[in-house]
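Note that the chains are named A, B and C in the order they appear, and that numbering of residues resets to 1 at the start of each chain.
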Amino acid sequence: MVKKRQDYKGVVVCAPVTIPYSRYSIKSAHWFCGKALAELITSSGLSKSDVDGYCISSFTLSPDTAVGLMQYLGVTPRWLDHIPMGGASGAVALRRAARAIQCGDAEIIACIGGDTNHVDTFRETIATFSQFANDAVYPYGSGGPNSSFAFLTDYYMKQFGTKREDFGKMCVDQRTNALPIPFAMMKKPLTIEEYLNARVIAEPLRLFDCVMPCAGADAFLVMTEDKAKSLGLSYAKILATIERHNAFPDDPVQIRGGWAVDIDDFYNQAGIGPKDIDLMQAYDDYPIICFMQLEDLGFCDKGEAGRFVQSHDLTTGGDFPFNTSGGQLSTGQAGAAGGYIGIVETIRQLTDQVIGNTVENAQHGLVSCFGMINYDRGICTSAAIFGRSTA
Amino acid sequence: MEKKQNENEETLSSLLGGIINGGIQVIDLTMTLDQRTPTIVLPPEHGQSWPFRLEVISKYDERGPATYWNNMSCGEHTGTHFDAPIHWISGKDLPNNATDTLPPDLFIAHASVIDVSLETKEDPDYLLTIERIEEWEKINGNIPVRSWVLMRTDWSKKTNPTEYLNHGDEGANTPGPHPDLIPWLIEERDVVGFGSETVGTDAGQAAHFSHPFPCHHLMHGAGRCGLPALINLDLLPAQGAVVVAAPLKIRQGSGSPVRALALVGK
Amino acid sequence: MIKALPHPKWKDPRVRTRKPSMPPGNRSREAQGLLSMAARGRFALQVCSNCGAVQYPPRQLCGKCLSEELSWQDVSNKGTLLAETTLQHSNDIYFRDRLPWKLGIVVADVGPSMVVHLSSDCKQGDKVRLALSIDAAGNAVVTARPEKPTSNEKDDLQLREMEFDPKHRRPLIVDGKTEMGLELTKAFLSAGARHVFVGYAKPWYESQYLEEIKKLDKVSVYPLDVTDTDSVEELVSMIGDKVEIMVNNSYHLRPGGLIDRFDINTAHDEMEIHYYGLMRLAGCFGPVMRAMGADGHHSATAWLNIFSAYAWINNPAVGTYSASQAAALSLSQCLRAELTPGGVRVVNTFIGPIEDEWHQLAPPPKLLPATIAPRIVSGLSKGIEDIPIGAVAEEILERLSENPKEIERTIKL
């Protein structure tokens, strides 16, 4: 009998911040993270010294880690964590920070995911991504994540008969969500024809299946509900979180992620089920991984995501609002910020600070994160459910 | 005494004058040392003479910006060369038998050039006999004492190394002296040595003579020398040319490549 | 189905020769273990001595039971192709130059899933034949072809990058006037070589083999004396940019040891031919081949040295010969490093005693050139880097890995 996990009662998230994305930047990751911190304190009326804890995620701080960044930013936190989990970082940072707040190890924690993107940064990042990737993936065509996700997509499509049109439906809806977002990389509507006929990148993936690397940062604050109230900040509650690493290692090709291991625990902690979710942000560097998240988090059965997507409207005004700011596929992948974008967007929706289109009457938002194609599959999964402060 | 010295100085002076005004021609009897110069073919299990090789030390490049020069390597008996008596076992115990101890006056000597090019053309195994020389002497006078006997065969005009060596499966087929000729040249004519246009002074088939390799065994045994692989013998008179051919002064050297020159009066 | 590679045309003089580039070469120490297997043409993976789990990618601890007792063992090379993709985009220059590029994920029968360079004959769900190959950067990679050999399978353009198939290529056989030279010429021709250049030294030594070679089609003979820098330079000026496989068949054995036959000259000749000869060949042909290493599907690809197995361990009966072979082997490693940037790979074969006059007193087994040559060519075509040939060479290799001191004391010709 697994011990029941403690809830996150009294801990909240607030101050959703995005440093506008740009395709390339000559600024450093330190700059992006620092700008995010500046925006966090400005928007919440804090001073720099009020923030006494940090969770940092970035691929491009090298040779620094979160440690070097602290001196760079001139801050003296009493609690510091570096979450190098790529796309899974956001919910993991949230979990670490929430417990630290709960235990009193820190009072206000800034969770920041930020990266720069110089002209050659992306290639350098993927060329030295992990030992297994260096040894056994990158020398095979050097496609980076394109080739890894091409495998997953190819396998999945042949297993379940999924069509490119199914992925396309999702991409098109997300693009609709992205259109009012000023910092989105993709500014034009996407038609299903454009999606289907785009140039091939790595079969079966075409251009609009692939996320566009860019520079930017996303950040939020974690603190007690009381603290948020005293500062007059709008906040969202944390109802549940999970993380899992290297799940299902015996699956020869990845068709599911760690969410499937923890789904029951997840909804039990939240006290609600998939039907109660009003909006979902899924990690979306490639459509295939969204399909797995829909399935593994209980919105449909394995292999059914294509049909699910086709039978739902994923736009903000639709019956299943999904990646309501357009997701990374439309706004771009600002490195580790890609792990934070879903949380930041969810906080915005649940605290009425929306930049794009609002999901009406949203009470519960689910954020799902995924990261680190270490060898042949994504290793890290995490997720969180948030509730409106009044919920 | 003083008069005599004056006469000799005049001789030298007129020699030089002759060379300068062209009355005395200097003929080069030396083949160019070249990486393609063939070396004598020996049984493969025997020691082998190194071929001529050049490796650049520098050529106005990073190895020496102002300098062009080479390292060279070769056997002592490569190209046009000098055989000293110590080269053969029969001459090993003679006094003054090596390149550093041979009296240097030997390096300048008269040349008697026996033209057997017609005979050789017919028969590559042609052997030069006493009779043939006696016939030659009837026309040209006797071979003087202390003369090189140079066997003109025009063999050096064969520029293809394979034809030059002319090897068959029973050994080389190249001309040379008859075994009986050598004692006669030593005892009756007191020659300095024997010169040839082939890769060695002996005939190609000399291993099978009753006295094998006579031009080496007997000649060197009697303290005489060899001068093989000459060229341009067709430019020399039968009698009267002076050969200048000095080997490098290698300590206990058995021979050395030489720049062989002939002085010929017009 | 892979189409037969068309016969190459003459080089278009208006088109720039593609500059060589290399696939990513960053590998961990443990992954280099794959290279030592690939170099021998083995399909071996780490197997846990404790729990039997087969590991991939390579690691230092068992991914199942954390035991450090992992040993490289030959395992089944069969697997099933689960997923595939064809890249139309790559982040690396080498692959960008060669797109499209086909990859797959194969689950090996022995367990692990492997990302592989995929033959275009493979379809999802097929049983495939895995191999460890060596890519243009000199690192081990996994390749997959259909389980059963298919016609023209060596003509797969992608996998051809990781092998040295002589088809449509032009080897230069050094010291070709020997029986080995003749057999190599015939073996290259029957493997589809476009033309064979044959070098010979000392033309005044007649050779029945050279006469036979001259009678063959698609063969040209040239004077080439590896002891003569001029001669090597002259040949490179004539055919340097056409030599796609260098076959260093230099051979000069004179039995004898160091004290037992103390003779600097003989040792010198061996070094001149084996060591300095390799150096002259490499110094003259190496830069040209290195520049031509990415010149299309028939580019310069391999530098093959035919060494004696005594390059590995000195056999006192042929002591100075062994030493000259060891020197040449060492030099070949330098050459390998220097040719790698051009995508030209050094292949060394190590042969046991052959049936010739210089091995007259060596006990059998002795190898016939007619046996050796096709094995050399087939090793090349598989892309193997170290090719031991014959029972003697195999035994030396095994004994060396077991106890080098034992073989040092007891080796006999």
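Remarks
One rule holds in what follows: a contact is a pair of C-beta atoms (placed from the backbone, for glycine too) under 8 Å apart; a residue touches a chain by one contact, two chains touch by 3 or more.
Everything numeric in this text was worked out from a predicted model, so none of it was measured.
Each chain's centre was taken as the mean of its CA atoms, and the one lying most distant from subunit B is A.
Relative to the centroid of all protein Cα atoms, the closest per-chain Cα centroid is that of C.
The centroid of the Cα atoms in subunit A and the matching centroid in subunit B are 94 Å apart. Centroids built from CA atoms put subunit C at 49 Å from subunit A.
Chain centres here are Cα means. That of subunit B falls 50 Å from that of subunit C. Shown for subunit B are the residues in touch with two or more other chains, of which there are none.
Against subunit C, in their complex, subunit B makes its touches with residues 35-36, 38, 41, 44-45, 47-48, 50-51, 53-56, 161-162, 164-165, 167. Looking at the complex, you find that subunit A touches subunit C at residues 122-123, 126-128, 131-132, 134-144, 146-147, 150-152, 154-155, 158, 199-205, 249, 252-253, 375-376.
Within the complex formed with subunit B, the subunit C residues making contact are 202-206, 225, 227-231, 254, 263, 265-266, 268-269.
The touching residues of subunit C, counted against subunit A in their complex, run 23-28, 30-31, 56-58, 63, 82-92, 94-95, 101, 103-105, 107, 113-117, 124-125, 135, 137, 139, 141-142.
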